[in-house]
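Heads up, the next two complexes both have subunit A, just with different partners, subunit B and then subunit C.
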Partner chain A sequence: MNAIADLFRKCPVTGLKVDKNAENLIKANAVVAVVFMLLGVIAAFGIVLTRWQAVHLLNAEWYYRLLTSHGLNMLIFFIIFFEMAVLYFAGPVLLNSRLPAPKLGWVSFGLMMLGAILVNVMVYSGKADVLFTSYPPLMADPLYYVGIILFAVGALIVCMLFMATLVAAKKDKTYPGSIPLVTFGALTATIIAIITLIHGALIYIPTLLWSLNLMKMDPEIYRLIFWALGHSSQQINVAAMVSIWYLLAGLTVGGVVLNEKISRVAFVLYILFISMASAHHLLVDPGMGSAWKIWNTSYAMYLAVLASMIHGFTVPAGIEIGQRLKGFVNTRFEWLSKAPWSDPGFSGMMLSLVIFGFMGGITGVTLGTEQINIIAHNTMRIPGHFHVTVVGGTALAFMAVTYYVLPLIFRKRVAFWGMAKVQPYFFGAGISVMAVGMILQGMYGIPRRHWDSSFAGSPFPVQFPDIVNLFQALMGIGGLLAAFGAVMFITIAVATVFFGKEMTADSIKNGESGIPQGVLKLSAQVHQGANVAAVHKEGAKGTMILVFIFLVAFILYFFVNWKILSSTWKVG
Partner chain B sequence: MGDLEKNKDKSIPLGQRLLDSPFLLLFAGLGVMFVFYTIWGLYEVLSLPKGTLP
Partner chain C sequence: MDMEMHSGIVSPEGIWWKPAASQEKRWITIAFIWCLVLFGMMPFWHIKGGQNPSGIRTRVIEADYQARVDRFIKDYQVGTENGIPVVEPPAGSDVYLLGHMWEWTPVIKLKKGVEYTLHLSSVDVNHGFSLYPAKLNFQVIPGYDYGLKITPSIAGDFNIICNEFCGIGHHNMVGKIIVGESL
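Presenting the complex of A and B:
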């Protein structure tokens, strides 16, 4: 009996029963995620200072090497290690359950580490200058592909462990009714991860054999299957990020879930349709027919976009209702103006939501339109878009939840608390300014990935208007600001984990520095009382106003692009 | 499973029982992606006529 009791500890803040094996795996995966983020940030400095043509820091060889490193360390290693931590939290911890086969968790962690290190060694030794996409006929050293395969196998094992946790928790009856919404979101991320990783195996095993000269590789088939890995891996992020929005809305301000059924159905729409967005990358490939392109890039009639819009409404509306239930009812937006904006968990989550929705969502749906894509494909508009989804959205949400993971899981007070309060604003502002600079450059045709936007020495002269220099400066300044924001985050996380002060019951009671307000006093979700009927009758009218502003911005941006298309490509 | 638990299961609406089935959701997700994106996409590429030199 004691042996079973030793497996768990009770969280004094949330009351949850925490499996110590799961907790250690959360810590290991989160720490390693931050290390790979650091590698990605170092590369980011070099890339942004090279693409900014006035600076043009690196030679072509090092630029492409760092671009490869940046893509892999940020889009794959940092993000997926962090997502593994999310799965260990949303599974065993939120379900009050044991983690089945914890040793397998460490085996998968070892495989992922080995894979990620191998890939980085290959990249930095100059044997894999193939960018994130590694399109054939570009060929890397076979060990590079082995590294990716090892990492993917490790991640797949963690997904299986999460599914096994669901089975074990149901069998042990550790939770009443259905699994919590946050766990359901994590299940969505897991299913998308399994879809992604199976496609990864389908393409990287033949690519490994091709690099060993054992078989031929068709570049078009490579592109088709690769993007079911390359783009779908970013849809794992979307599901994990939305789960974190729901979690932080509850933890920081006692946000409610407006309607469990609707939120869950929205997650199911992700499971069914969001991975199809991979087809965006093949919109200008002549080998694919229009029917395939349109069906897949509209995510089956935009049902997955509808899901994002549902979450984009229900999260802030849940926050509005939660705040109103606490008494913030005096004006239309008192719930927002009196929200805890100095809590980096709250500010990071809200900024993530706004940046992802207003910038990432609107640009993504527009770029995914087959006709408009022809004026944007492979221009700087594409990295402009995905930096506000993956970085301004997902990475910022991961940073925000870290400010709660540090005290709740690592049981440490957040170091440099004053810096932590402003960090999400630095990072969010920087990434937004950078993305705007990229999108505006792309509108003038500046290509993505390319080392030299002046095309010096090319057989044909290529001229861009002078205003492009201004947009490049905007990208450069924004990029540096975002990179500094990321360095602030890494400094805070590392200082807290390795040198931070313990969080004790006394430090919570005394309201000491470095403890977010949601941990100092866990927000209660109020469901009874005189105020409740009035609040429910009033509804979330403030959020509705924000929704209409979003829709107007969406319509304007979408039709401006059709106007640009009509003046670029005159028909008749 | 006892009668009480059987009756309890029946009282759960069908939609909720579907949402509570992680493996059903997994196979649905895999099925939709493979049918519409992967298999249809492979068919598109593999059915292309061979390019000939002018």
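Presenting the complex of A and C:
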């Protein structure tokens, strides 16, 4: 019995049993994720200060090289390492279970590290100046593709370990009833990840063979299958991010699940339809016809968008009901005005929700409309959009949850607590201002992935209107703010992990600094009694107003874009 | 009967497949109707709208496309600008534009209000056709001929900016379309 007992510790805050192997793997993956984020942030400074034409810091070669590095380190290595930590948390920890085959966890960690290092070595030695997308016939060194493949194989193994954990927990009967919603969300992320990684194998293995001159590669087929990896992996991020919203809603204010059926069906809609979004990148391509484009770009009539609109309602409504159950029942918005806005776990989650929904979601669906893509494809509107989904949404949610992972998993008090309280606002504001600057530039036709928007060396002069300088300044200032916000986060995370003070039962009791309010005093996670039915019946009156404001913004933005489209040349 | 509610980290016990409350149903219904509008706009625009990316889409061998562009230039060249041939094709004809590292060939003169079939292809890597300031963007892929029926709506000089990364000289890849007043 002792051998088994040694495997676990009991969490003094949540009462959960924590497998020590899982805990160590969470720590390792999270720390490495932050290291890759640092690489991405360093590249971000160089990119922002070069694209901002008034500064124009780097030469063309280094601009494109850092752009390649930024995409890979942020979108692949940082995010996926962090997601691996999320899987080790949502599986073994939330289910009170052991982690089967922990050694395999370390093998996959090693493979992913090897892959990520190999890719970085190739990029920084100038052997892979092909940007994140590596569209053939642009070719990188074969070892670059080998690096990506090793990383993907490692991630696939972690997905399998998560699945194995579900089986083990079920067999050991470690939890009553069904798996929690957060674990269910992580499961959907895992299923999407497996689909995505299979597409990754389908495209990177032939590309490796092509780079070794062993087979031919059709550039359009590459684009089709690459984006089944590239875009679908963003849907892993969405599913993981939404799971974290539900997790933090519970931990920070005792937010409830309005209806298990609705939230779970919405997650299943992601699995069924979200992988079709590869089409978003091919709307003005010569390879596919309009019927294919319309059906796929709309995820079969926008069923995955419906899923996001459902979560976009149920998460804030669950928070509202949780707050109302605590007694914040006055007016429509007391639940918001009395919320713990100085808890970075809460503020980061709320900002992520708002930035992802209002900015990322609305722009994404609009850009992904077959005809509207004609006025937007490969302009600055595209990076403007995805920096408010994957950065303002996913990365910010990951930062927010880190403020709970540090005390609950690393058992450390968060360092520089005063800075931590403002960090999500800094980062969220910076990335939003940057994205607005990019989107406005894109509206004027400024291309993405472009070193010199003054076109000094081109055969014909291109003169953009003066107002574009203002939009570039917005992008530059917002980008620097966001990058500094990321540096703040990295500083806090590294200082806490390596030099942070232990969090003990006493430090919780004494309410010492560096412990989020949800850890100091966890809100009730289960509510019973007559009051519950009454609050539920009254409903989320405040959230209803917020989602209608969202809907009006969505309708306006969508039709303004049709109006702009209708004023250009006839084309067909 | 007492009602129980819990957070997303609690394992739900018993049967959780329960009907949604009226508020959730209302929002989901509205959201679904909006999704149908989002979807319906695309087929609607194919019928009623003037801007669609349909095109005449065929595979082409790179050398054949190069030969077709060369013949197009030979037939209709009217001058040269910065070393790039300037071509004025007859109204309503097929127009061939080639993207290659790092130039758009040739410069094309068109007439306002006339429909042309603009062919786009590449002989090396992916390029991006971005007509400034007309806001028309299309992907240019080697091995594929994208034939788009275009009708210039205003006279003036238009730049073709490459907006797909195509190597170290990408940012210098700018071409030109000159639209003259109608006949």
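Basically, the second predicted complex is superposed on the first by the 561 of 572 C-alpha atoms of A that agree within 3 Å, B and C clash if a C-alpha of one lies under 4 Å from a C-alpha of the other, contacts with A are read in each partner's own complex, and residues count from 1 in each chain.
Methods note: a contact is a pair of C-beta atoms (placed from the backbone, for glycine too) under 8 Å apart; a residue touches a chain by one contact, two chains touch by 3 or more.
As the structure is a computational prediction, the values presented were derived from the model and not from experiment.
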* Asked: Is A:K261 touching the first partner subunit B, the second partner subunit C, both, or neither of them?
  -> both
* **Contacts of A:D452 with subunit B and subunit C, given as first, second, both or neither** => second
* Which superposed partner A:N213 touches (first subunit B, second subunit C, both, neither) -> neither
* Of the two partner chains, subunit B (first) and subunit C (second), which one does A:N296 touch, if any: first, second, both, or neither? -> first
* Identify the partner contact of A:T369: answer first if only subunit B is touched, second if only subunit C is, both if each is, neither if none is. => second
* Looking at the overlay, what does A:A540 touch: subunit B (first), subunit C (second), both, or neither? -> second
* Please indicate which partner A:L272 is in contact with in the superposed arrangement: first for subunit B, second for subunit C, both, or neither. => first
* To do: Report for A:I194: first if it touches subunit B alone, second if subunit C alone, otherwise both or neither.
  => first
* Who touches more of subunit A, subunit B or subunit C? -> C
* To do: Would you mind listing the overlap between the subunit B footprint and the subunit C footprint on subunit A?
  => 178-179, 218, 220, 261, 282, 287, 289
* Structure fact -> subunit B partner, complex, touching residues on subunit A are 163, 166, 178-179, 184, 187, 191-192, 194-195, 198-199, 218, 220-221, 224-225, 228, 232, 261, 264-265, 268, 271-273, 275-276, 278-279, 282, 287-289, 292, 295-296, 300
* **For the subunit C and subunit A complex, residues of the former touching the latter** => 2-14, 16-21, 23-24, 27-28, 30-32, 34-36, 38-39, 41-43, 45-46, 49-55, 57, 81-84, 103, 115, 120, 124-126, 128, 130-139, 141-146, 148-153, 159, 161-168, 170-176
* Structure fact -> Within their complex, subunit A touches subunit C through residues 14, 60-61, 64, 94-95, 129, 131, 133, 135-138, 175-182, 185, 218-220, 223, 243, 246-247, 249-251, 254-263, 282-287, 289-290, 293-294, 298, 301-303, 305-306, 309-310, 313-314, 317-318, 321-322, 325, 365, 369-371, 373-379, 444-445, 447-453, 455, 457-460, 462, 525-530, 532-533, 536, 539-540, 544, 547, 551, 554-555, 558, 562, 564-566, 568-572
* subunit B - residues contacting subunit A, complex -> 15-16, 19-20, 22-23, 25-26, 28-30, 32-33, 36-38, 40-42, 44-45, 48
